[in-house]
Each structure stands twice: as C-alpha cells, then as structure tokens.
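Every chain is named by a letter (A, B and C) in the order it is written, and numbering of its residues begins at 1.
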C-alpha cells in the first residue's frame, strides 16, 4: 500500500485498524521466511540507523535482527556512546547526520517528543523505538500481533493491564493501540499512585475505549483473556512500605493464576521483567511473553519492509 | 590507478593534486549509485576494521556507512571499549590483531603519529581517521570535495579558516590540503592564542600557500568565497574572560553574514558544532555544512573502493 | 558430519580427538578461501549473537570476522552494555531473547557454568567464548590447530605451559585439550601459588595426561617443542615482593630463548600480553603467537560453518 512507503512511525494513534491488520498480515507472511533466509535480499543495499540515546538491548537487537534478516545493514550507537554526542551536539544535527548516512532512522530517546522532532527534521522515514512516557508504537504493534496470533483476533476479548500505567510507555502504548480495536473490556489494574496521567485518560475516553479501573488483580483475574503485566519500579514510591505492599499484591504467581484465571488466559509482558512474574509461570500454558518477545522480529521486519517499499 | 591499491592514508600531504582530483571523480561517480544500492557488491566479502580509540560518532558512522554501501562488512571497537584494550595491550599488538582479521584498518587515536605507526606495523592498508592535533586526511578530502562540488573548482577562491587553528586537526588538515591547489588567498582567522603551531606555519610556507593572518572575521568576510568554521573550546583558555570575548567575536550569525558576506559565500564546518554557528544560518543559502557532512560517505567510499582495488 | 549440526560447545572435553582433527581439516580448508571472499555465501542469511558479558575484544572480533567472512550477520552487546542488562534481567531471559533473534549464540561470561546454563535454555546452539576460570574451548581449539599447523601433528611433542595455571582459563583449556592427544610430556611451569586447582589435576590424571610440575622455566626450556605462555596478574599475589620475583623469573626474553631453547621451539600466547614476553621475541623464529591470533578466524569460522550445517 502506498500509505506505508516512506512513512514515519511516531505514535500508535497514527495508524488505523486496517493499517494495523495489514501490518499483521505482512508480519505473518514474513514469520515463515525470515529464519530460512528466503527474505534475505528484500532490503539488500539499504542502511538502517539505530540511534539509541537510551539503553534498550531488547528493542535494539530485535530491530537489528529484523533489518539483517531482510539483508539490510545497520549503523548507529548505543546509550553509552550517545553520552559523548549529547555533550557536543544538538539532536537536530545528529538526526541530520543519520539522515545523510542511511535510509531509515530508528530512534530511542528519554524525552517525550524526540521522535516527532526527528521525523520533522529527517527526510528519511523515522521510527520511534520509545520516547518519553507515552509512545512506543512498535512495542504496541507486536503486543497486538501476539494477541491476534494467539486468539485469531484482537476484538471481543477482556484485557487486564497491570502495573505502572503512569510512567510505563509500553502499557500506555498498548492501551492506545487497543482503541483501534473492539475489546470487550479493559481493566486498568494499578495502585492509585501509578494510575494513568490525565492526558491518557482523555485519549482513552475520546477514542471510546471501554475501560474500568481497579486496584485488585484478584478481583478481575477470572474474567481476563489477556493479562498485560508491566514492571513496578521502586523509585516511583516516596514511601518504601507502600512499594512493598503493592509489589506483593501485584506479583503474578502460578498459584494465583491456577486459583483465579481461566485456563485460556495468556500473560504478556514487554520484558525485561524483574520479579513481577514468578519464574514458575514460565513453564505454564499461561505464559506468552517469550513468544511475544520473539515476534518483535517479524513485526519490526514487516514495518521496515513496508516503509522501505519492499513488501 | 595502480597507485591507490593497498595504499596507506596517513597525511593529506601524501597526496598530489592529481590524485585528489582523481579521488573526487570517483566520489562523484559513487554519489549517484550508493543510495540506489547499485554499488552494493563492489566490496562484497571484504572486512573493514574501525579502530576508534577516541570517540567520533560522525567519522565512525560515515566510514561504516561507506563500507556497507559498498557491500563490505565492518568490525571494530569504540572508545569506551578501547579503554579496556589499552590497559592490557600495546597499540602494535592491537593493530596486528586487526591486520589478521580484516582487509583494511581505519584508526582514530588521540596521539600524534599513531596512524603512521599502525601503517608501519600492518600489512593491510591503514587509513588515518584523525590522530593528534594535525592530521585528519579524510576530513580534508571531503572538505575539498565539497568546495569542488559547490564551485566546480578548488582553485582561485578566497578562503577563511576560522577558530582553533592550533589544536584543531580538521582546520590544520584543511590548510595542508589547500597547499595542493591554487587558492587566491587563505585568511587564518583566530585569536592569538589559537594561531597555528610553528611547524604548521613552516609547512604552509614550504608548500607555498598564499595566506594572511587576522584576528578579525568582519574585516575579511566581504572577500571570502569559503568560510571554514571550527569550534573554539573553552578549555584552551587560561582566563575565562578571554574565552568569552573570543567566542562572541567569532560567532557566525545570519546577521553578520547578511551584512558583510558575498551572497555566494559558503560556510563549512567539520561538525559537531556547539554554538559557533547560529542555528538561523542553517536555513540560509550560506549554509553548506550539512551537504559537507553528507558527502563524507561518497568520499570515504571512493577511498575504500580505490584502496581495495574495486574502482 | 551429522555430529556437528546444531551442537553446543561448552567444554573442550566434549570433543574427541577425531572431532578435533575433523575441525582442523575444515579450518585448513577455509584458511585459503576466507580472505578471497569465496566463502562469503556459506552462511548468508544467518545471524550469530555475540553476548559478551565480559570484555574480550580479541575473541569477540575474531568471532565477528569469522561470521562475516562466511556471509553471516552478527548482533549482540559488549560488556559495557551488558551492565545495564544485568541490572534488569536474569541470564535466562537474555538468552531466550537471543535464542529468538538469532541462529547461534556465542557467550562470554565471568561465571563458571554460564555457558552450560545458556546451552540448556537455548534451542539454538551455544558456543562458550570463555566462562569462569576453566573453560575457553575455542581458544584451545585454535591453540592446538596452531601447533598442528606448525608441526604437522599435536602428538609426540614436549609442551611447557607457563604462568597462571590456577585462574587462567586459556591455560587450563589448553591442558584439557592436550588430553585428547598424545603429547610426550607436558610441563606445568608456575609459582606454587598459581598451580592448577585440585579439580584440574584430577581431570588431567583421569584423562591420562603425562605431566610434571616445576617452578623453573630455565630447567625445562631445553626440552620444549612448544612453550605456551600466559599472563601472571599482580592481583593474585598477597605480597607484592613475591609477584616481582615471579614476574622476573618467568619473563620470556630473546636472550633466555637463545641460551636455552631448541631452535625449533615455538612460543604461543593467547594474547593480550603485557610484559611476560619481551618484544624482541616478536621478530624471532620462536614467535608463533601472531600466527596463532590470526588462526582464530579460520578455526572459529570452521566451527560456525559445521554447527550451522554449511561445511
């Protein structure tokens, strides 16, 4: 579709339902052929810049694997090297440099709006690999793709989104992505301190997402088809005792799932996790986060291929 | 030309006018085909080592993009990793390692003479990507290529070289490169503290470069065809008040250019810049530094292709 | 051979004499064609992960060069980046990530057993690039390959292994590797403080390696065909005076070799070296460590090619 060629990917809200389904179809088509090496000439001769101003091994390596499975090359820098750039040069000049050296720029940045700013400066397409507290569109794409692959649809399901809904961009992007589909219900499960920011509530209401807030995972667990877990960071809590309480009640254990969840429930997590999901869940049928991590490659490959006109 | 095959690139003074023109022709030929992917098999199967003992994102990434546009692969390390090498091993052993693993070594090092030393040890060709305070030959090549592309010639023009002419290797290499051509006049514009070192004066005189020194940018600005700006670093000044004065008088603003410069004046800068060029110059016809940055890729690609026998 | 396909490489003791000879044959076959680019399609479309939790430029770059000479791509991280992973995530999750993104995982880790653990988790083959104090199997492979190339055989020779036999994994792996062959004698030359650990002695005895301990290099030097030197680190010694004594007596100088060694003696060293081998040895016929370093590429390429089914 012409709409993909040369396109920037800044927010998941830039995409319609049909576009996302179209992307899923491409990802599905690529899944079979990436590892076999049959897609290895699709982006031959292309260079993808990976500008990671903030550390993220998982996102960086999955973009890198996606590009290289398609025969593209990558250049770029990681957060450690970015420090020395940051001292000397403004973001605009760095983006112009990459714009001159490569065919597409993937950017990860600590500040809200960095990807949009980069997209305005660069002539080449820019993909937001996470900026600020709100946007991580390719994570949301692969999250929904995983749901779609497990259930054959994203619609009609009951979702629980658990953890830090205030500062976690994966959770927020997932919620925004759900507005493009027709979930039956979305439970926002978090301690009061980590509820979404007002602007996110407004976006969810405006987009007509059916949601309800709760502090209790146990209460809603029996209804859920998908539980999206995110990390709760200690640093968010002024009082450590509050943190210890919250952490205990939001820890997803195998026992908790076996007592309360439907057998079909699937647990997602953007990873890395620390201890918010017990390792005993790993071997259970609830676990879907390792599959989800793996699917980052075909989804990002599909995005690269479409934007660079190869699919 | 047989003279390029396997050749080391240590100083810009190793090259004749004809060789540089020959390089420019190759760069010009590559400019059209690098991004289209049509040059992507020229260096297939080759490995280029990027040994950056000193940080330089711009130079590193442009070499990497150049190599990869031609189908070569790169291996290497950045300054952060180099620290752990430096502790354990002398430069000679590191160079021998890269000599065994790759087909060409690009080296960036803090110390004067490191590239020459590497070239003596390595059997494979070595390219100096900046060492010490004097030599950065590939920067000079792309600088002159940019002038040549803008004016159709390097000869007969009036140049101003502004900033730190004492410690800045880009400025010094640019001056040395100009000795290979016939500029009408070269103005060395700097505060007394940052005038070239005696050895550089000697080289310029010996090579017969027509130059004049001045402290005032305003005074010579009306005559200039090319203004080459470099950064003045605070650390160079024992007295901060001296720095503030100098910094103010050497700041290139749009207003200054519009009041004093010819309309055809082109402003170059090796980048990164901090605040020595006002951002309002970016959108003006004087600005040529973004083009210059971009041209680093075809010039370095031409050099790699010629040295490795592919062009 | 079917035995190689998909195989993990954790310890040199996992390999039989025949398998090692088979590997040497492949390495020998590749030596001629790697630099010419004729092997550049063997692993096309494959991705090799380089997970270096501990710094090692030499090992990392030789794996990277090996993979790229065969047309494979690499993704991964170096020790500097690994720190930020280590904070957030356990080794198992990191390994699962790489397992999902690539076709083979090369891992270097500070802790004993990390590679075995990774191999148990990953579905894709895992190669140990050094873990703990004992195992560095690919180093041992290239060490023996070097001996084999120099003498036409590994059997029947007199070996001296010098230096830190207690904490140095290269020395230990070399000793374990020798148990697969029939050396005439192996001298363990070290100060008492740096003698092998009990478990290593047990392994050597159990495997029937003919060895003798000594503190004096001079004494056994006349008998040696191969002298394998490793670094003695100051940090190992509670008393600095002990260190200074040991260091002096174990320094391999040209004079020492000329006075005591056979003319055919070959000196190996896994590198990097600091001052345990005098630089004047570099230009002498005794020196074989630069060749040895170079041979890391064909040996590792052979291993990758066999495990990934391309040779």
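List of remarks:
The definition used in the following text is that contacts are C-beta pairs under 8 Å (C-beta built on N, C-alpha and C of every residue); 3 or more make two chains touch, one makes a residue touch a chain.
No experiment lies behind these values; they were computed from the predicted model shown.
Although chain A and chain B share one sequence, what matters here is the overlap of their interface residues, and that overlap falls short of half of the numbers used. Least-squares overlay of CA atoms from chain B onto chain C yields a rotation of 120° to the nearest 5. Per-chain Cα centroids separate chain A from chain B by 40 Å.
Residue positions 80 of chain A each touch two or more of the other chains. The touching residues of chain A, when paired with chain C in their complex, are 35-38, 40, 55, 57-58, 61-62, 64-65, 68-69, 78-80, 271-274, 290, 293-294, 296-297. On chain C, the positions that touch chain A within their shared complex are 44-47, 49, 73, 75-77, 80-81, 84-85, 88-89, 93-94, 96-98, 100-103.
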